[in-house]
Each structure stands twice: as C-alpha cells, then as structure tokens.
Amino acid sequence: MAEGETITGNRALQIEEPLLFEMDAPGQCGVDLPDSGPFEDRLGGLERRNPVGLPGLSEPRVIRHFTRLSQKNYAIDAGIFPLGSCTMKHNPRLNERLARLPGFAQLHPMQPESTVQGALALIDTLADWLRTLTGMPAVAMSPAAGAHGELCGTMVIRAALDARGEKRSTVLVPDSAHGTNPATAAMCGYAVEPIPSNARGRVDLALLKERLDDDVAAFMLTNPSTCGLFEDEILEQAEAVHAAGAYFYCDGANFNAIAGRVRPGDLGIDCMHLNLHKTFSTPHGGGGPGSGPVMLSEALAPFAPLPWLVHGAEGLRLVERAEGEAARAIGRLKSFHGQFGMFVRALAYMMSHGGDGIRQASEDAVLSANYVLAGLEDVMSLSYPGPCMHEMLFDDRFLKGTGIATLDFAKAMIDEGLHPMTVYFPLVVHGAMLIEPTESESRQSLDVFIRVMRALAERAKGGDTAWFTGAPRLAPRRRLDETTAARQPVLRWLPEEASAEKAAE
Amino acid sequence: MNDLKYTREHEWVRMEGDVAVIGISAFAQEALGDVVFVELPEIGKSLKAGDQAAVVESVKAASEVYAPLAGEVVGVNEALNDDPSTVNSDPTGKGWFLKMKPSNPADFEALMDEADYRKFAEEQG
Amino acid sequence: MRYLGLTDADRRAMLAACGAADIDALYRDVPKSAVLADPLDLPLHAGEMEVERALAALAACNLSAADAPCFLGAGAYRHHVPAAVDYIIQRGEFLTAYTPYQPEIAQGTLQYLFEFQTQVALICGMEIASASHYDGATACAEAALMARRIAKRSRVVVSGGVHPHYRGVTETYFRWLGDGLDLLPPSLGDEDLAACIDGDTAAVMVQNPDVFGRLRDLAPLAEACHEAGALLIVAVAEPVSLGLVRPPGEMGADIVAAEGQPVGNGLNFGGPYLGLMATRQRFVRQLPGRIAGQTIDADGRRGWVLTLSAREQHIRREKAASTNSGLCALAFCVHMALLGEEGFRALARLNHARAVALADALAAVDGVTVENDTFFNEFTIRLPGPAAPVADAMAERGILGGVPASRLFPGVEDLADCLVVCATETVSDDDIAALTAALKEFV
C-alpha cells in the first residue's frame, strides 16, 4: 500500500460512512414506543399495504452515523468562513438555549391568543428593535428567508401600485445586485432591467435617472452593495426614484455593515428585507431555516402580508384575515406566524449586544474588512478602491496568465483549512472573489488569513499551476464531478436490485 | 460550413431541401460549458420567429433556444435525450436540436452568415 | 462584548494599518446627513444572565403545550422528539455550516440531504424528492406552479379540505399570474373534484388526511385527473400518517407537497418548519428547490453535490422562488433514522390508537358528535354551539382542547360549531379524561 492509504479508506478522524440505507439491520430500532394495544381502526380500508423501506438502526449507530457526517463539514465553529454577502458570523449558544425554553419551543401556533401573550410580546419587541434600527415604521415578520422577504416586498409594492391604479411593468436592478432579485420580480409580473455600474462600482446615477419613468415600479438596490461599497449617491437615487413615482427597495443582506450607524429609513428606502440569519446571527444550518422580515414605509404598510400583530384591548392579537384594518393585505406567505424560533434567537442576540454593541459590531465588521483589504491589495487585484464596507471585492486579474482560475484559488484555500470566499459573484467583475471576514474574527485570525492568502497569491504568480488545479487534496473529498451528477442524476438511494435494473435500462 | 446561417441568439440554421435544421452555435456551447440536458419541442408545434423552441441546460446555466424563423416543428433530435454531450462535441452536426418547415423559406436568407456571426460573437465575448 | 473578536488595542492598530484616522474615515461614503448623530434609543448590551432572565420571563407568560393536555393539530403536531435529534442538530458542524457550495468540505450536509430525499420519497411512495422547502404551505404553492409548468395549462383546482394556510399561500403566489385557481369551499360534505376538471386544468390539489382529518381513497380522482391530462397534487400536513395510511404515490399522485415538522421538529409557535416535495422521476427537471445528487470525486470516490441547479435558477428566474430549511431537514432525517421501518410504523399506529380512544371517549359526551367516518390522528367534532368560546374556556382551565374550525375558516357558518381535535402519542389517558370532563362542563 502506498503511504497514506489505509485498509478501510478511512484517514484517522475522517471515517468513510455508508448511507443509512446501506446499514439496515432489520429488527433494530432507535426508539422504544409503548404498545398500541387492541383497537378498531378508522382508516376506511386505506391502510398501508407495503413496507416503507426504511432501514432499522440502533441509537448508537445513528449517533455515530451523523457524528461521522458532521466531521466532513466545515463550519464557523471550526474556522473563518469569509463568504462575502453571506455574513457567517458567530452563532451564540445562548440563542439556542433560549429558543428551546418550553415556553417558546413547545407552543402550538393555534393556541388561543390568551395563552401566548409572551410569545406575541417577543415578536412585538423584536419588531420594535427592527423599526428602531432601520428607522422604518412598519415590519412584516412572516417571510421565511431573504428570498421570501424579497418576494413579499415586491408583492407589497405591486399591491400598492395596483391600489394607486397604476400599471407599471419594470423593476430596475443594478447589475451587482444580490442573486435572487430577478426571480422575485418576475413572479409579480415585472420584467427586470439591469442598471449598469459606473467605474467606481456604484450605480450609474445618470443612467438610472435616464431610465426612470412612469413604467418603473421599483428600483431594487443592494446597499451596501455586493461590491462591498456604500452607494454614496443613494440620496440622489432615492429622490429620482420617488420623483418617478416608483418605490425604492433595498436588499438588506448587507445591513450588518451599517446597523446602529445608519438608518435605511433616513436614506429614503421604502421597503427592505432583513436577513436575521446574517445580521442578527441566527444559524445558517447548512442552508436554512432563515428568517426575512420586511421593513415597510408608511405608504406600503397597509399591504403587509398576514398575519398582522396588533395591540388590542385585551393584549396582543393576531389578525389572520384580510379584513378590517388588514383589508388590503396581500394575503398569506407562510403557514402560521413566521419563523418564531429564529425571532427568539435574533432578539437574544440584539439584547446581548444592545444598541451600543450592534453599532460596535458593524464598525468591527467594516474595520476587519478594511484590514484584510489593506493586507491583500498589493498581491491581489482589488476591483474598486477602498475604503470598503464589511466586505471587499477582488477579481482574477492577478491570476492572469497563470492558468489558475478563481475556482482553483478557492480550492487551494480549502487545503489550508480556510473556507473559500464567495466566488464568481457579483457578476460585474471577472472571476470575482468577495471576502467578508465579519466582526467575530480576532486579529490573530485575520492575520493568519492574510498570511495564507498572500502566500497563495505569490505561489500562483510563481507559476505553480498544478498546486491549484489539483486542489483540494486533503479534504474529505477531492473535486466532485458535477457534470455527471447533472447528466445522469442519482437523487436517491435505491436497493441494489433496483439500481441494477435502472442501470440496465 | 458556409451553408449555415446564424441568429443573434446564437442558433444556427441549415436548409436541407425545404426543411430547416436548427441547433446552437459552437460559440454558444463553449459559453455554456458541459451540456447536461436538452428539452425539445413537440413535433407538429407551430412557432413564430423568436418563440421558445427548446431549452438547453449546462452545469452553469439553463437557457432558451429560440425559433430562428417561423414554421412548424417537423423533427427533433431524440438522441440528445440520451447523450446531451453531443451538443458540446458536435454542435453544428450531430448536436442539432430540431427541424422546422419554414412558413416563409425566404426568412432563411435574412439571417447572419458565418462571417457576420463570427464578428457578432467576438463582440459579445 | 463577548461576541466580538477585537480589543480596543486591536482596533487602534488595525485602523493604523488601514491608514484611517478613526472609524468614521472608513464610513466616509455615507452621506453626512444620513449618519446618526446620537446613539439609537435601545438598551445597552447585556450579559447572558440578564438576557436569559428577560426572555425566560416572556416564555413564562405562555402556556406551554408540554404543560397542558394538548389536542391541537391543524397543520402543526406535537410529537415526542428523541433526545438524540436535538443533540445532533446542535453539533456546530451542522448548525454553523453554510449552504454546501464547496462540496469537498460539505459532504456531511450533502449526504444527509441525499438521505433525507430518499426518506421523503419512500414515505410518500414517490420516486424522487427535493432537499426541503420553507414549509408545507409554500411547498403546496410551489407544487401548483410546478404542475402548471408540466401540464402547460393554467388552472389548479384546490379542494375545500386543503389547510387554509396552504390555500392562502397558494392564492398569494398566484395573485399576479392571472386567473388560475379554483378554490372549492371548505365543507364537511362531499365534494366532486373530478367534475371540476376541464381542458384547462393543470392539476387538482387535495389534502390527505384533509384539514378535518378525513381520509379518502384518491385513486379514482387520480384516474380522472390523468384521463383529462391533469396532475394530482396531494398535500400532507401530518407525515406521520404515512406510516399507517396508504401513501399518495400508491394512489396515483403526481406531486406530493407536505409539512415535515411532525418528524423531528418541535412546535416552535409555527416555525421554523420544513416543506417536503416528492414527485415522479420524469418530472425531475421541473422540481423546484435544491437537490443533492450522487457523483464521484477526482479519485473516483463516491460523493455528493448540489445538482440540477442551473434548472433551478432557470425556473426561478421566471416563475418561482424557493429555498430550503436545511437544519429542519436534518432533524427530520435523524428522527426518521431512529424510527426506521419498525419505529415509523409503530409510531403511526400508536397515534391512530390514541385518536381512536379519544374519538370513542368524545362520542360518549352528550351533545358532542364526531363528524368523521375515517381519520388518522385528528378528527372534527360538532358541539351544540359555537366552538371558539369553548376552546377559550378550556384554555383558561389549562387544557388546549382543539382548534376551532372558525379560526381556520372564519365566517363559514356550518363550521362555527366545529372543533378539530388531535391525539398524538403524547396524549395520555388522563389527558383524554381531562378533555372529556371539560367538554361535559362547557357544552
């Protein structure tokens, strides 16, 4: 056997793990349930006739399975996770503990309102913090995540325009906008039109003004932008948008750079979704669940989705029907009352930081990003001059002629124990590398990051192409074949005989 | 290869008798990367020029293939369902997408020739 | 401040390294008039103990379903979640990971998503499944949009037995897509869905068990749909039922859209939950949401990636929006792994047994009528007068006695006296006795 190879294929702490279904030990079970006893069923003859096909496993086997899987994941708990525009900051464990208090976690969403006044007060308190931080008068709490919040905001704008009796058909989106914008607009019957950036990486104000007319429903800005820049002409943008009778939508994905220092309401924003899982530290959980409350101006508030939380004579109550004060609501976007478990976590984070700490966190995020920028700008190619906000954008000019692409550079970071930055986004520059260190990192951690990135950049320029194109070598897996995965999709486990049959087809 | 005409949406057309054979250009397949899936139209469908005729999906992106001219779909390349990689390996040959019977055969002449298309594609990219 | 990585000394040194005199210099692009002059009117930072005290005080104002006999269902179900589930989902490698965009260092997430997809497909009796959606309601809306893409027709017929929130979200998603929904009125009577199908019907959406708890054989409806070139979408609010009840796939469903909360996930006052969606292999290219797929790495070893993502973006750009609920999917996956074949079926059986015991006990109360001929773990009872005040009175007494149908369907006169009651494995004989006694008193 060659050095490094093992009998099992395992590598010490990295243990190869089969699928649950490949470990089936019929008769084993990871739970003990009481016997149902005799009863006469009321299934009307609709009893299941066939086995489900689930594997039988004991509790220790299940724990071991998922523990081994967990060891194949990178996570913020393990190291710096500088994914630009994703805000991978520390997830406090206090938040987890509080979300699990039985008085929150074990509340049924359809309990009578009199039995959930504490939960409703929590939502109301969180809404207050959000209103204060944004300087915007209303908030829709139910959207499930950022993209859902964007859908909500766009629908609210559409409803408001409908109520004004205006038929507008275009939403203007800067070419550096966050990824999900066009999908959302299309669902509300709007066509998306890009507004190019200027040489400074900001929205070209002259082009924006030129394009604004009575066919434009909204301008959807991301500020700070995905180039890591504050839109320094945002007040002029707002004025122009409003002069055209359109609404000013802001994607709040990057609110974490300015929270506590700048209020979007003061910038002329009419509508903005926030990502509680970005700015307010609720965990990303490997891809959800998130939470995407939407801040609304006075003019848009009447169209907020159901349910509404209102103060009544007998305490807080939920308005679950589009009638009375909520007659113009766009309807429901989600079951029940939103991502309540995420509300608990976000509020715990806000209370821990306080108004002073939220501001400090924003400043530290911006300072850390600028520190990294200063540490790297001479060896990598910065797309736009600083200072940056909470993230900075590099492109692949520094790799020109090396045969190394942005992706290769990212994969080499993996071997160094760093999670790569966001790559190939935004689309406004070639081979984008968007780095967001967040306020959670210590200076030592930032120094290590800078040192490794510098060394990799030097190595790349030195022509060691194979080092990069062959990376990663030390991760649980090397590069995966995405073409085969998409050409012959295998999307579930099948029993061996079924797999063989399928292959023979 | 100068019997091919092109559109600004990167489709190519070749007339075989009174039937137009349609596919995507070598430039387009290069830009898309590894093609993983192709959705073809129903035979007998009438299309206007610019209507969506097919969908091509790569690892990176999915995009529409538009009818370069008006007419009726008279054939589709079923072989792409089994092996979409043909679009990459032979885009203007075995990687064709569909055949149409143009309602106005003169439409073909209005499309770009190879030289014009090459110039257009270079500007694009 | 305990969550911040920098000291004041660090900040000074780092500002110097950036060539900035102070932090304001880094914010110089913010228009002067928009910079807050004063601190916001918010409390100052607080320690763990203070925050815990404040939020625990709010939690204490609520009546936890764990402390009361609880018969609430209607789209959210209280089940016992094994201790191992919460332990696994709190592992930082799962909790604090991002969407697996770098598959080489996200195989843990990708493998459990692949396992989750398999579990969902198996319990639904379908061929494939997505890697989760926000919740059951958004999964239903997505399923309706998906059916339109497949059938290339515009209208979707929605049964009156579909959960009002599933109906409501679907309605909102369809609001600007033109005339596309036929919503049948909620009713405890029969409805003839097959008669609503015409040449423009893309799909019929029906829930099983329905919001009133009734089960029905969907095979004839599936046949009617297919004959007319339409799809059958089956919504499932309580996936535990699939351990005992014939799954939608075996009755001819084309798309299953379900709520996943009851497996592995707590009530959490309504969220976060997770949506499940399963379908036939031939519709895979129209299935929204993220999907994990199997492949090999450069050394030929088996591994997993997010796949068909180009298609996903394509669908989304035009017609839909979706994301997933990864950690809730993990909780589902771990719970389902612990249950296995034997446990899943035993759990379903136990739920049904508890509900049968409850139905028998309530049927014996004077003035109470059980409306269902069939049910799984939930059914509807009719009281001699409005149900909402009775539910409120029972809550005052510390009993969560059921969801008034008037909260689900306000203004529907025939339902005003109805209460939807549910019994899972967590309901004890004492709980049943408490509800029976309370109903005797208040009815």
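Order of writing sets the chain letters: A, B and C. Residues in each chain are counted from 1.
Quick note on the criterion: contacts are C-beta pairs under 8 Å (C-beta built on N, C-alpha and C of every residue); 3 or more make two chains touch, one makes a residue touch a chain.
Note that this is a predicted model, so its numbers are computed, not measured.
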Most centrally placed chain - per-chain CA mean versus overall CA mean: A
Busiest interface, counted in C-beta pairs: A-C
Computed distance of Cα centres, chain B from chain A, in Å: 37
Distance between chain centroids, defined by C-alpha means - chain B, chain C (Å): 43
Computed distance of Cα centres, chain C from chain A, in Å: 20
Contacts with two or more other chains, residues of chain A listed in rising order: 482, 486
Multi-chain contact residues (two or more partners), chain B: 36-37, 57, 59
In chain C, residues with contacts to at least two other chains: 310, 313
Touching residues (chain side chain B, partner chain A) in the complex: 34, 36-37, 57, 59, 84-85
List of chain A residues in touch with chain B within their complex: 482-483, 486-487
